[in-house]
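Below, chain A partners chain B and then partners chain C, in two separate complexes.
Up next, the complex of A and B:
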């Protein structure tokens, strides 16, 4: 087996190399999906273009409301990012359940999104944060909302010569909290059978507002649960409201039966986790220190 | 407490630690030879059918390819432990998906793999059978239509897909069940689990002069590999030399041939050394996983909780070959009866072929499966009678001098102590400390496998001692344990011992690293060698001191005459210059365990040798909505007879518990029409470090009469109890009694839903 290994020093070079080689080349960052898929299928690309030496792709930037994650930011970086402690805790919670320690040390957030697994754990919370991804290719730079970037299982809007450079998002303006939960058979190296992320805010009169809920692994791609979000808007949290949240979330799931879990169990868990994520975020509101509306 | 021992009972670092932690140890997958080629297998894509043709022409034309090897290139010869139903490459027909049909030999493993895909095999597909319930039906398709032509040991009673029908009978079960206050019948079903060794099976074979086969492999049993390879290639055992490399774990999965026979067949045809390493997918589809069992268990009890009778019907799914499943079908009956005093027994088991992966001898074969059934049912019965499960066990367990179900007299029985200590450590009095939280307990006995052991103990002129054994070190540190026995008996320091092991040409025979026997049997052979060395030392010293041999005393590592001392190394130096060195051949064979042969029919395993006793207890919480299980505390109390090296005993306990937790909660090779649906470590869920709970080990020492310094077998027992212990705790925590393994979150939630719907 011959494998050409390319290590461009600039973004431009990476794009040029990819364009020249067409589909025969693949970008590689952490390699935790690419290498496993190649070994499993027995089909290796003719060339891999290593993105690790391109400057500036590995930083988390921003403060306050606006943040950007370089596409080469590792899950370990996100897991340990102090700026995400508190209101944006769900980012850390999502990152810290991906793979195991060794995987998180090298696997990147850009890779997690470009691989477009329906069970990608970073996707639900980034959907809640209305993240946008920046792509740089031979046709120039463009920005695409994450929700439309991922089109289906292993399918994205990225052209083969486009490098994802960053993932940008804005946190809600008012006081908010977030949470992430996933179901699986073990506590590491586990592909989610259902993943649920939520961001909630509370109005001055103690009602839920700007609720954002996203679910992964329960359909061909992670989705925002807009029906549930609409239902929760303006409601005070109660047992009945939570039960309805679970019912609506379960109804919104379109899971498959596979060796990991049955569709009916995934749907059941979708309901449980939706309820718990909303409740957990609500309970966290009082703990987080981002109360700008009071200022 | 003052120990009478210098070396025994102390946690010395293992003798092979340095090589392993520094990365210098040469494992089977590391091993390489000059001019070596690589082999890859061609597997059957169908579960049952005839082979019409094998076309190797396209593969032979591929880059780097030297040879394609098929059944035609080697003698037609079937082999196997109890029934000779295995063949190296499928010849006339295939019996499972993944069965090797041919092998490609090429310059690199990648080239061999690419060419393996180009070997074209034409099949005529036939009806297959995937469950034991279907396979025992009169009109079931035969997995081996030619079964009558196969040779088998005389003990087994075969018929069609059934490779043995065995029984264990005592008293009058029908009468006892009629007289019982209550009778309970349940079905328990266990899972197919892989031994999960870190290093895949690997071997390199080379033929010198076309007639001398030399194999290097990570086998647990070099002498069995030697014998089987000789049988396959129709040569004498002495024409085969097997060297054991460092082994990355075995757990019974490397007892039988792994890839040695493919390497040998390929090397024979290629005329060059050939290396085979199993891929992860091959491990999951065509290695030797644990047999899944279906156990229908009936128990009759008195009102005050005395067991009057047990009846069982057991189906052992051995997959496409019988392998050690015939043994499992026997030993599971010893597990199902015990460790309780039961006056009436009628246990019947059948080992059965199906068109699935051949199974093997995973750590404590039959142990976890049988224990899951018997110990789950103990709790169900206790709850139904309103008796505490611990108390129910204490009313029925065997005690010193009792007879086991096979009629053997039990000695050194420590079961009550194990149960009480486990209950105490887990806080049994507070069995349900909060909603969703519960505790479980289970107990068992286990055998210490017999078989003969030989060692050469050689003393150098510098006092260094070589322990030369045919037994392999499979990672347990059991040979360090044997060396501790040797050091203790010979009166030397452990650091003076070097181990030479696992070479069929230069090391004496050993029955091998299996069945919890290594430290036990090799240790005893060392003690025998020391007796012989002491005699030699006395003779040499007597000459030196002009005394009689019987006047010489052995004191520590020296010979003593009056106040004169002759140290071991000086004796060895004298021996080296005068009589070819100081060396002894120590041997051991366990005395037969006497039992009542009237009770057993067609059983290939009938006794529990030097039985060990143990109890496990767990404290866990169950999330009733998600089915998630969180283990807070896990306690093991194990009677090891004598703890030779407590650290490595704890290592065996902790590793076994984690392996058992995998079998209990997450691991299963999932089949659909004979196809493995999770043939990789992404979806075959072994516990990770994050899943391993806090495990507390308590060692009980109730010495055996046979083992070195009283030791009993240690390695297998810890994997036996976790499924039952955890199942009992889950039932205690959330009233979900799951009777099939693994107990997944999904099954817990489903069971709870069924329970609540029944209650409506």
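Up next, the complex of A and C:
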């Protein structure tokens, strides 16, 4: 084993180092995925390029509607972020179920996205918020929608010399609420067997509008449930509507059998969590203080 | 083997070390500094046994590369007592018998230390949530939570007197 540890002080240096070393080098942020995977497999990259000393990657910026998360923002920062209390609560709910505090204090949102586990808990809510990720590489800077950035299990559009720098999103313009729920065999320290995030708004006549639902861990990558979203548009919430929501969500799942759950149980849970997330976000609408139309 | 030159402060003492680049913080604490109070167990950041406090925050030392701790400050369970005087958390764990085999206790105490530093007067529920990443597989959590609650009271009383 001959691991080289590189500690660039600028983004440009990080990119140059990665380009020079090709696939043999990997970027490291919090390290909680990389270190554990490397030790378990006994295969370390030839070099790791530490991103932690690069300035400006660790901040949450924005207010009102537009926000950006630096790629090195930790789950700890997100779960404690006051600007996400209320309407954007699902961001905090997603961040606070990842590992224990010991992991969340270190693990980064950029790492969660670039590692591209189908069960990555930050992905569903960021899909609901139509997040876009910024990548900086030797060919320049580009912005990619998160929905297309993640291509499949552990597979993304990121080139080996590209650093994810930020994740940007806009909250809905009208009053909205959000929710995130995760199913696992325990309530802590668990890899999701289904994860569900939702963002809903309610029109002046009391109907659901601009509903966004995304599901993780129930297919090769997290996806928006567009069929369910279309179905819910303009509907008032009722028992029948919730039942159909569950049925459509279960139908959209393409889960696998694995050590954590069977495919059929995952499909069942997808339906249950879709219903609960829609109901929970609907109930939260009256509690959130983001009604700009009333201002 | 490529080595990194590491400048690390542990329990208030500054160390300058040369360690292999793949060493975790846990490897450095146990193998280089012989601070074996921090235990090794799952090596997957799942069990919390290797928890130490890094710049004021609890971390799983098995999952943190030592090289990423350049210039930073670490507190381990060895750094809590002042001479012969145990830290209130340690006292409370002894007093409440919050220990069976004891293997998780250094991690449990360091998890609680970082938590109480941020939340001096927590509820029991908050304590349970705080230790969710630190697993005990023999004595159960009741006495551990009792001990952390008692320590929080003593620490706040000390704080008020100071």
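Just so we're on the same page, the second predicted complex is superposed on the first by the 295 of 295 C-alpha atoms of A that agree within 3 Å, B and C clash if a C-alpha of one lies under 4 Å from a C-alpha of the other, contacts with A are read in each partner's own complex, and residues count from 1 in each chain.
Heads up, the rule we're going with is that a contact is a pair of C-beta atoms (placed from the backbone, for glycine too) under 8 Å apart; a residue touches a chain by one contact, two chains touch by 3 or more.
Keep in mind that what you see is a predicted model, and the values were worked out from it rather than measured.
With chain A as the common reference, the superposed partners chain B and chain C clash.
Touch criterion not met for A:130: it reaches neither chain B nor chain C. Of the two partner chains placed around the shared chain by superposition, chain C is the only one that A:76 touches, whereas chain B remains out of contact. In the superposed model, A:203 lies in contact with neither chain B nor chain C. Once the two complexes are overlaid on the shared chain, A:2 sits against chain C while remaining clear of chain B.
In the superposed model, A:32 makes contact with chain C only, not with chain B. Of the two partner chains, chain B is the only one touched by A:265; chain C is not.
Residue contacts after overlaying the shared chain place A:16 against neither chain B nor chain C. Counting the residues of chain A touched by each of chain B and chain C gives the higher count for C.
Of the two partner chains placed by the overlay, chain B and chain C both lie in contact with A:100. Contacts of A:191 after superposition on the shared chain: chain B is touched, whereas chain C is not.
Comparing the two interfaces of chain A, the one with chain B and the one with chain C have residues 1, 36, 40, 100, 187-189 in common. Across the interface of their complex, chain A is touched by residues 110, 113-114, 117, 625-626, 628, 665-666, 670, 677-678, 680, 682-683, 685, 687-691, 744-746, 749-750 of chain B.
Touching chain A in their complex are the following residues of chain C: 1-2, 4, 20-22, 24, 43-46, 48, 51, 57-60, 62-65, 67-68, 70, 111, 114-115, 129-130, 132-135.
Of all residues in chain A, only 1, 36, 40, 42, 100, 183, 185-191, 259-262, 265, 268-269, 272-273 touch chain B in the complex they form. Only residues 1-5, 7, 28, 31-32, 35-36, 38-40, 44, 48, 50, 52, 76, 99-103, 105-106, 187-189 of chain A touch chain C when the two sit together in their complex.
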